[in-house]
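Chains here go by letter, A, B, C and D, matching the order in which they are written, and residues are numbered from 1 within each.
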Amino acid sequence: MFPGIDGFEWTPGHLIFLGIFYTVVAVVFLTLALAAVRAWRSYRANRAEAIRWQADFHDLPARDRACRHALTGEMRERVCELGFDCRRCETHARLLEERPPAQAPAADTEAGGVRLPLDRLYHRGHTWVRPEKDGTVTVGLDELASRLMGTPDRVRLPKAGRRISVNGTGWRMWKHGSDVRVLSPVDGEVAATGGPEAGWYLKVKPAEGRLDARHLLRPDEAAPWMRRELERVQWTLGHSLADGGVMVQNLSEAVPAEAWDAVCAGVFLQV
Amino acid sequence: MDRALISRGVRRCSPRQFLLWLVPWAALAAFGAYSAGLCLVRGLNQTNMDNRFAFGLWIFLDLTVIALGAGAFFTGFLLYILKRHELKAVINSAVVIGFVCYSGAVVVLMVDVGQPLRAWFTFWHPNVHSMLTEVTFCITCYLTVLAIEYLPILLKNRKIRQVPSFLVFEFELHKVMYVLAGVGTFLSFFHQGSLGGLYGVLRGRPFAFREGFAIWPSTFFLFILSAAAAGPAFILLTTWLVSKISRKRLVKLEVMAELGRISGVLLIVYVLAKAVDTLVWINETAPATGFAAHQFYAWRPFGTWILFAEIVVFGLAPALVLLDEKKRQRTGWLVGAAVLVCSGIGLNRFVLTIQTLALPTLPFDAFLSYTPSWQEVGTFLAVIAYGVLVYSLSFRYLPLFPQERELAEVPRVSGD
Amino acid sequence: MKVGRRDLFKFAAGSVAGLAITPVPWKLLEDTALWSQNWSWIPRPPRGEIGTKFTACTLCPAGCAVRARCVGGQPVALAGVAEHPATRGVLCALGLAGHHLPYHPLRVRQALRGGRPVGLDTAAAEIAAALVEMRRSGSKNLVAVLDERPGRTASWLYRRWLADMPQGRYVTPPEREGATLAALAELIEGDAGPLGLDLERVRTILSFGAPVLDGWSTPGRVLRRRERFQIVQVETRYSRTAALADQWVPIRPGTEAAFALALAHVLIEERLYDEAAARRAGDFAAYRKVAGEFPPERVAGLSGVAAEQVIQTARLVAGRRPAIAVGGGDPGGGPLGREEEMAIGGLNLLLGGLERDGGIVRRRAVPAPKELEAGAAPVTEIQDLPNGSVGLLFIDASAAVDALPWRLVEQKLASGKALVVSLAAYRAGYAGHADYLIPAPMYLESLQDVPAPADAAEASFSLSTALVAPPQGVVEPVEFVGRVTGNAGTLSDWIKRRAAAVYRTGRGTVTTYTTGKVEPLAEVGSAEKFWNALTEGACWQDERVGGRAAPGVALLGRHGDGAARLRRAAAGRLDAGEAPAGQYPLVLAPFGWRGATGNTALSPVMSKVYQESGLRRAGNQAAVHPATGAACGLTDGCRGVIETQCGSCGVAVFFDPAVMPGVIQVAVGPEPPRTRSVLEVCDLEGGCSWRAARARIWKV
Amino acid sequence: MTMDTKRKRPARYGMVIDVDRCTGCGACMIACAVENNVPPAQPEATDRTGITWVRVYQIHNGASFPENRTAFVPVMCQQCGHQTPCVSVCPQQAVDVDRETGIVGQMPQRCLGCRYCMAACPYHARYFNWWDPVWPKGMERTLNPAVAPRMRGVVEKCNFCQGRLHAARERAAAAGRAEPKPGEYVPACVEACPTAAITFGDLADENSAAAEQARGGNTFRLLQKLGTEPKVYYRSSRPWVHQVAQQDFGRRKKEEIRG
């Protein structure tokens, strides 16, 4: 019986048992409350996007998290732990210092039939960033992503003036009845929106006035990455997409329906 | 709509096929719910239990599923406390299995007691000396913990996690999971033990009675060990089964082998402890209560073969298989051994619950048998159906196996 | 303020959380505990003033005194009365639950004709009309009252009324417990008057199947003096009495006469008999000759008891005197038969038990009002009625005890047009065979007199008072019969007149239960005071009849054919039957428990002894030796069919190693509904006995 | 309960049952049912689902006709005095041992119906209400107002007629005594036994008839070696009864047991 109930008496058994029991109950509910409070704070602090990426990245297979330096062959078998945010990466900074980037290739490169124009930087989420003269940057889908999406059924772009952040949601697209969240490659404020027909999707005023591009792939790095990406797509599909060494043009129709989600997830780094 | 709920990167069968799979189980669950309803409305006279067989199929079921559900706490313990990260591949599945087993057991317990409306009496007037009080407290607490552990998995559903607040909550919850895993481990150790103690303390049932340490009889510790051994084996088994049914690779063989190894190590310890315990019981405990141990096995079909089966066939044999590095690399051996381990745990719980009650104590008593009624079997099946339903839905809509996506991407040799 | 969906959710969540702090959920929780024990369908015992009332049990002839614990006047528990001189505080299991009987589900609350409700007046008019029609048509058929409890004031009323009717017959079931004494009275020269057993001083009881320790005589007289006498139980079945007897002599069914003669043989050969008694017997030489034909060696073959054991039994009985031999038969198995009782009577005489303390003593009859005693119809046992002779049969089953096979009653009915009127409290026993079923009051519902039982050592008289009101529509059976036959009379008045007759004797003592005071009847003061004492809890007990000169006796009876009948009976009842032993290799032996042979209802809590513990065998449960069972292809717990020459019935079979091989013991008692009682397949042997029949059994 | 505190010495109520006197008539079972408002059996009830707080078992010497011998052994709650098996197991303290009387009490209104105590009891003296109690219409009038009928789903057992103890105490209090005199408090079965086979009394009182008989020869207790110190003693002068009642283990075949 409990204290206060008729006939109750304290015994060591009661003390130990009820003590343990209440401790456990308290720990369980305090833990739950702690998680709730922290979640509430994070939510209020608008950290949801960052958390989403952090969680998604954490759940990506190790192979999908390969370091850019491992892709280029500079290092062996390195897995990124920082959510592809090389700006925070000491190794990246060190490597950049040790081996300054080589001169850009003379002409647009190409990997497995995917063109990689030189005038832009690439994000691991298959977007590109092109700095414009007016200080803004243009953001678009790279060719693999474009071909994969074909003409999206629907696109929902952020309104001008909306802040977006690296690896947060850039915009959303729908195709074949399933949605795709495109990772934003830059921090900044949306200045203008384009669309699939325009060849670009967003114009962004970079945060702090200038583009910090350390986390973006340079065109020379993009080719091995893209080859790896094509390989991944093929793994997901379980068969080759190449048509005589060149990727099929009409990728969005070539992917079988049951693999569509998986392919999109692989390409756009989603869970 | 259905597709939007399925995690990206994994393939699931068509909704129609899934529905076809669910229908028989749902029918079984409905039948079971009807059986259980009869027992609740008309009373326990619907069962074939009686004053002598005060416990029957249901208690056997409870003890067994809770032992099999031990994978949840033990995997959690290994992953979060001992940092065996490779077990991350099965932790979600383990949590769902644990939740299913425990909630099923609690539901059946509610049907099993004569006055479910008074279930809360145990919390209000607890007798701290009763093993059942310990069990009740721990199981309810642990079921709460399991529900909290299940919550993040649920929140990880593709559609649900699109809601930012849920996403954030899931993330934060995940970060404190080690606390819950710790609490869960603590609770599980106690209630798995108390379930063993439940029978071990029965001074009036010399077949079950054991001496022990402090307030706990030896079965307390044996149950912890055996449950810890059976839990991983059951996860291994279910993973393999799900993999076979869904025709997908879900976890890497190393993970399976690791589960097998853990099970094997614990099992060999258990078998040794059980053997020592049995010897002590035969030579000390039983004679002290006025019974020679061989008398307990004088009734067919409950002969000494049960002891042999329990310790050697379902104990030592799978333990040796699982401890063999080479055999662990073969799914056949792994699964075979896991089946033996899980059956062994069932047999052990059966012996403790059913044989104990079947054996006479009074000198002019008879050996009794008992056949469960269809209502009991129905309720029993409902728990299994409920488990399959919850697990199937979880497997379809929640990311239970993080490695699945990765394994699905591995290039295949032929166009499969 | 705009209220969104979100706000509603918040409100709901807040409400739930807030509600948890209020006492409401906790109070509700607490209430679940109360609900679960106070559901409307859980009966609540009524409360009221607690008091004690006294009455006497009428469920069997023993008439034990009863102390009823009453709540608001309603008896809630019955117990014995330690102050009562004969019953000594003993009440049997059936008596302990007697206060349940008025509420039995089988209770008849309305007159029935052919199973359909009919007005009581209509029924009375129709039966009266049938009686008139019988007289008018000059039918020779008899008008009979089968009185299942002779000796009551009601019985005297029946006898008186029937005496006035030329075709009237007063019929009783065959004598059971009194059979030995009745047979003994036949052996005594002159009018022996009623005899009794001096159980208070007896040192050996030689029982031929009488359930001495399990519902026999007045239980208090036997059970509370158990250590003062030895019991030698001669019985096929390992009954409760056999189990606790000092010696159990298992004899083959139907060989009691042979065994008794063998005992007589040993007593005579070894000169263990009472020589004075032998001198009084005019036919001792003839008797000796008959007994000489049954030496232990021969009887060993007949009865299955080794000669050595026969001799040893005789020595045992003779060695501790006073000894009495009793027969009477089993409540389910029926009477032993007159020859057997004669043989047992002979043993009593040889053992010198007659007219001696601790033996068989004379007693006076309980007086009845002179108006009734004078010109009462004689008593006819039912088997002595000519077959097919009864045109109108009233069965007063209101005080029924042991069952008779219905066939025994049925064969006395005139073929075709006989009318049977059963006056009973329950749809049990013969009620199903009756054309009219007239609801009778039950024990505790009406005033009844309780005269001394057949084996009492002295006359006694007490009252069973009404403690609860009978249901509407019940009628005192004797009053109904009186109404139909044109005789007016109120039973309670006649009981009071009988009490007055008792008072007029001026003999004996009155014991008041509340005080335990025993005072001479003469000092009570007046008949009215005596009556008041009786109704408030007292009993009258006559004084013992003083020693008289021992009379002359005839060991073989006074009719001259005794020797021949005895020889025939002793040669074996079963072998005398017509059933071929080859076709019916087994012997069916029914047995029962006094008051529970299915002729009347039992309290539902008797399920404790039957259904809920198996302590006693319910009706149509058959016990066989495992070897016999196996030989017949039976299994323990299986269903079986027993067949005799008289028919077949279904039974539940149990193996019991205590059963004599070759014998099927079948319980007569509360049988499952719609089951043919095993009694109906028993061989009637001329109505005297149905205790053994050749039979076979098979598994179904 | 205030009166109890005045007692000098706690009682230890117990009984001695003379097996040689028990005729197996069943009067104790009926008196018990009447006293304690134990309902009649449901039509489907069996000897394994029925309720009879005291149950008379028939024991056999194991021999076959005509060497067979039988004795009757009434078994009720044995009121274990040491490590009472049912008390420690009850999760909600519905079972307790009264320190003043040594009687093991069962509170049906507290009982949850888990039946753990039934599994714990080696004497099978505990009974579960598999059905709601039902008396034939009208018969509820005959219920004993001192004892509340139990609802379906709870366990009940013999408590030496606690209602009678309370009544006896009340009477004693009315007479100005602290406790009932010996003989004033007697359970229903003891009172009902036609052969006076049961002697009831305070075993702690050395002069009581029960204590005297318990000390005397020829007594035994069931499952004595379990060490639960039951307060119900049995006595018999028949050696085979001792042998059977104290043999280490039960019989093999079902047909050998009845009652």
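The definition used in the following text is that a contact is a pair of C-beta atoms (placed from the backbone, for glycine too) under 8 Å apart; a residue touches a chain by one contact, two chains touch by 3 or more.
What you see is a predicted model; the values in this text were computed from it and never measured.
K.L.:
Suppose chain centres are the mean of their C-alpha atoms. Which chain sits farthest from subunit C?
P.N.:
Measuring from the centre of subunit C, the most distant chain centre belongs to A.
K.L.:
When the mean CA coordinate of each chain is compared with the mean CA coordinate of the whole protein, which chain is closest?
P.N.:
D
K.L.:
For the chain pairs C-D and A-B, which is connected through the larger number of C-beta pairs in contact?
P.N.:
C-D
K.L.:
With chain centres defined as C-alpha means, what is the inter-centre distance between subunit A and subunit C in Å?
P.N.:
Taking the average C-alpha coordinate of subunit A and of subunit C, the gap between them is 97 Å.
K.L.:
Between subunit A and subunit B, what distance separates the C-alpha centroids? Give it in angstrom.
P.N.:
39
K.L.:
How many angstrom lie between the centres of subunit A and subunit D, each centre taken as the mean Cα position?
P.N.:
From the centre of subunit A to the centre of subunit D is 76 Å.
K.L.:
How many angstrom between the C-alpha centroids of subunit D and subunit C?
P.N.:
About 31 Å, centre to centre.
K.L.:
Where does subunit A touch two or more other chains at once, residue-wise?
P.N.:
Residues 1.
K.L.:
What are the residue numbers in subunit B that touch two or more other chains?
P.N.:
As it turns out, subunit B has residues touching two or more other chains at 115, 118, 121, 124-126, 129, 133.
K.L.:
Would you please write down the residue numbers of subunit C that are in contact with two or more other chains?
P.N.:
Residue numbers touching two or more other chains: 33, 36.
K.L.:
If we use the touch criterion from the header, which chain pairs count as touching?
P.N.:
Every touching chain pair, ordered by label, is A-B, B-C, B-D, C-D.
K.L.:
Under the definition above, what is the set of subunit B residues touching subunit A in their complex?
P.N.:
Residues of subunit B touching subunit A: 3-4, 6-11, 124-126, 128-129, 133-134, 137, 141, 144-145, 148, 158, 161, 164-165, 167-176, 179-180, 183, 186-187, 399, 402-403, 405-406, 408-412, 415-416.
K.L.:
Would you pull the subunit B residues touching subunit D in the complex into a rising list?
P.N.:
Touching subunit D: residues 43-45, 49-55, 112-115, 118-119, 121-122, 124-127, 129-133, 136, 198-199, 201-206, 288-292, 295, 298-299, 356-357, 359-368 of subunit B.
K.L.:
Would you pull the subunit A residues touching subunit B in the complex into a rising list?
P.N.:
1-2, 5, 11, 13-14, 16-18, 21, 24-25, 27-28, 31-32, 34-36, 38-39, 42-43, 47-49, 51-52, 54-55, 59, 61-63, 177-179, 232, 234-236, 238-239, 258-259, 261-262, 264-266, 270-271
K.L.:
If you look only at subunit C, which of its residues touch subunit D in the complex?
P.N.:
33, 36-37, 39, 41-48, 50, 71, 74-80, 90-94, 96-97, 99-100, 102-105, 213-215, 219-220, 223-224, 226, 238, 240-241, 243-244, 248, 250, 603-609, 611-616, 625-627, 636-637, 654-661
K.L.:
Considering only the defined contacts, which subunit B positions touch subunit C in the complex?
P.N.:
It is residues 115, 117-118, 120-121 of subunit B that touch subunit C.
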